[in-house]
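Note that the chains are named A, B and C in the order they appear, and that numbering of residues resets to 1 at the start of each chain.
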């Protein structure tokens, strides 16, 4: 499987993250989106006329929507990540995959504006993103009341992976996450998953690693 | 810049830095819900003009510190908790009991000077709420029997407007919302916003709490729309 | 705050030469609107009143000044050595003081925590003593004999190595670092950080590199540097106060921060205070 990828793209990171979590090896093809605008070059437009990344190709299959790529990887290698096989749960996952596109179009566009000087009505984008973040916070707090730490029940699914990047990177677009305690705990749960990988702007949980010695207390005692 | 041994410091550096004319609350202020800051985690908070790093150690100890690393000013609420220490994400300086710097990774053998200390605020937990104060208040924060912590939300409206919408005044309002008897704690935030920490009846079933959640979201929409009209 | 003071007479990067268009691009320099365009095949910069500003086209970037620069823009002699690949990394905007952006670039102690498993990793956190001086003949800050253990020092590095560094501050918002170059022992890779001060708390950062690396794809070289810089961005946007404190006492440095201490001292000596805080608030 070849992933046409850009290190700073949260949508590409969705794919890299899921692949890492399920142990799927991808051949990464770096696209010079910024500053090169290579995603708008003829060869890339031939692959994806929409001029966006990521693009995943596998055996003649060409996928140009990151949420479809998540679905493909999970179905291919790790079906548990599609969510429980019930009508309600499948719909819940699909609902969040669509919601993830709202995050791309609001928080993602605000970040591209603030960081990479992309055009956009920044106040409108932040307004839409705030609305989406509030919806997510409400849903996650409802889940917590039922003992669920993820978007579709008690195990992570592609719904979480689709929403996580643009939420975690919202501060890059001038959207502080301070007001959202349930989002903070959910992001923590995702970052604590076995096999989690980071992208620039998202730090790993250093707390998962023990403090390297020698501890200062020991030195103090020795000196006393 | 003078240096004291390997590390240098100035006691003035550790004084809290009031930088606005806002009034600082003198009694306890609600800052977060206990369940929202589980063991070994940190979160940002506010108290009047001060930014706080509120964090809980691995053993469950809660602390509220100035959200500013004495080294190069990084927000400590972005840091990480290992055991009983909060470490800064920038250069990993570790701080323990009382805000004292106990580890500087760039100089692993060094015992950091006593003067490297993060300003510490008073903090206490009651009824599932984390309360903070600048000076230790005379008594403990209030307990509210029969209710438990439910949700914290931020409202882009003045605390007074939020209180009025809840049918009360001040910062502690007991009222009925969505058919439930609730306690609403209002926290003044900078930029004309308000924090709303809501306590709901003990033993409510999830569906009743979902209804309450929807009710409070609706209330927030109304308050913010009204605020926008007057702005 | 200040109108720029002594910093008005310095050169600043305002765009990539390759990206210039006849139509031009509106941007800002020290709070003033400017337009950067291609006029008759050459770069031109005008201020808000249409006045033409001085222009230099160097290192793949367009440079200008709101005042009257006394000196030519600094040079990086290594850039002209044959065999180096010159890399325009592209712009990244950061809500921070331009001076804080440069200071971060001069710092190695954050590598294990901010660039984990790439430029540093625990437990290799110790910063050994190094040498710092303000070179009066060239009026630059130099740090030499800087060493740090790195798991993946460059795109071309395989496995952990101890990397040697030299740092050079050649203008108030520009710094160049030299680091061990794995494919070519005895030579130094050159990485520069050119910072355009938009306001005292907002800047456009233009990283630039001159590397010995015949194997890597250009895109991979660009992305490696973008990755590193964007890892720093969330730190830079969360330092308090936003302005760089120049007076001792507000922040607490250690021996590992000698380059930063010299940089602050040099800024203060020259009155380079746009983006700085002079009296503790």
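One rule holds in what follows: contacts are C-beta pairs under 8 Å (C-beta built on N, C-alpha and C of every residue); 3 or more make two chains touch, one makes a residue touch a chain.
Please read these numbers as outputs of a predicted model, since none were measured by experiment.
Taken as a graph of touching chains, this assembly is complete, with every chain in contact with every other.
Farthest from chain B in terms of Cα centroid separation is C.
Should one ask which of B-C and A-C has more C-beta pairs in contact, the pair is B-C. Chain A and chain C, compared by their mean Cα positions, are separated by 30 Å. Separation between the centroids of chain B and chain C, computed from CA atoms only, is 36 Å.
Of all residues in chain C, those touching 2 or more other chains are 113-114, 122-123, 125, 234, listed in ascending order. Contacts with at least two other chains are made by residues 78, 89, 92, 105, 108 of chain B.
Shown for chain A are the residues that touch two or more other chains, namely 203, 206, 212. Listed in rising order, the residues of chain C touching chain A in the complex are 16, 19, 88-95, 113-114, 116, 122-123, 125, 204, 217-220, 222-223, 226-231, 233-234, 237.
Here chain A touches chain C in the complex through residues 6-8, 30-32, 34-36, 38, 114-117, 171-172, 174, 200-201, 203-204, 206, 209, 212-213, going by the rule given at the top. Considering their complex, residues 134, 137-138, 141-142, 145-146, 178-179, 181-182, 184-185, 188, 203, 205-207, 210-212, 214-217, 219-220, 223 of chain A touch chain B. Per the touch definition, chain B reaches chain A in the complex via residues 32-33, 36-38, 40-41, 43-44, 78, 80-83, 85, 87, 89, 92, 94, 102-103, 105, 108-109, 111-112, 151-154, 206, 209-210, 213, 217.
Within the complex, the chain B residues that touch chain C are 1-3, 6-10, 12-13, 17, 19, 51, 67-68, 70-75, 78, 88-92, 104-108, 110, 116.
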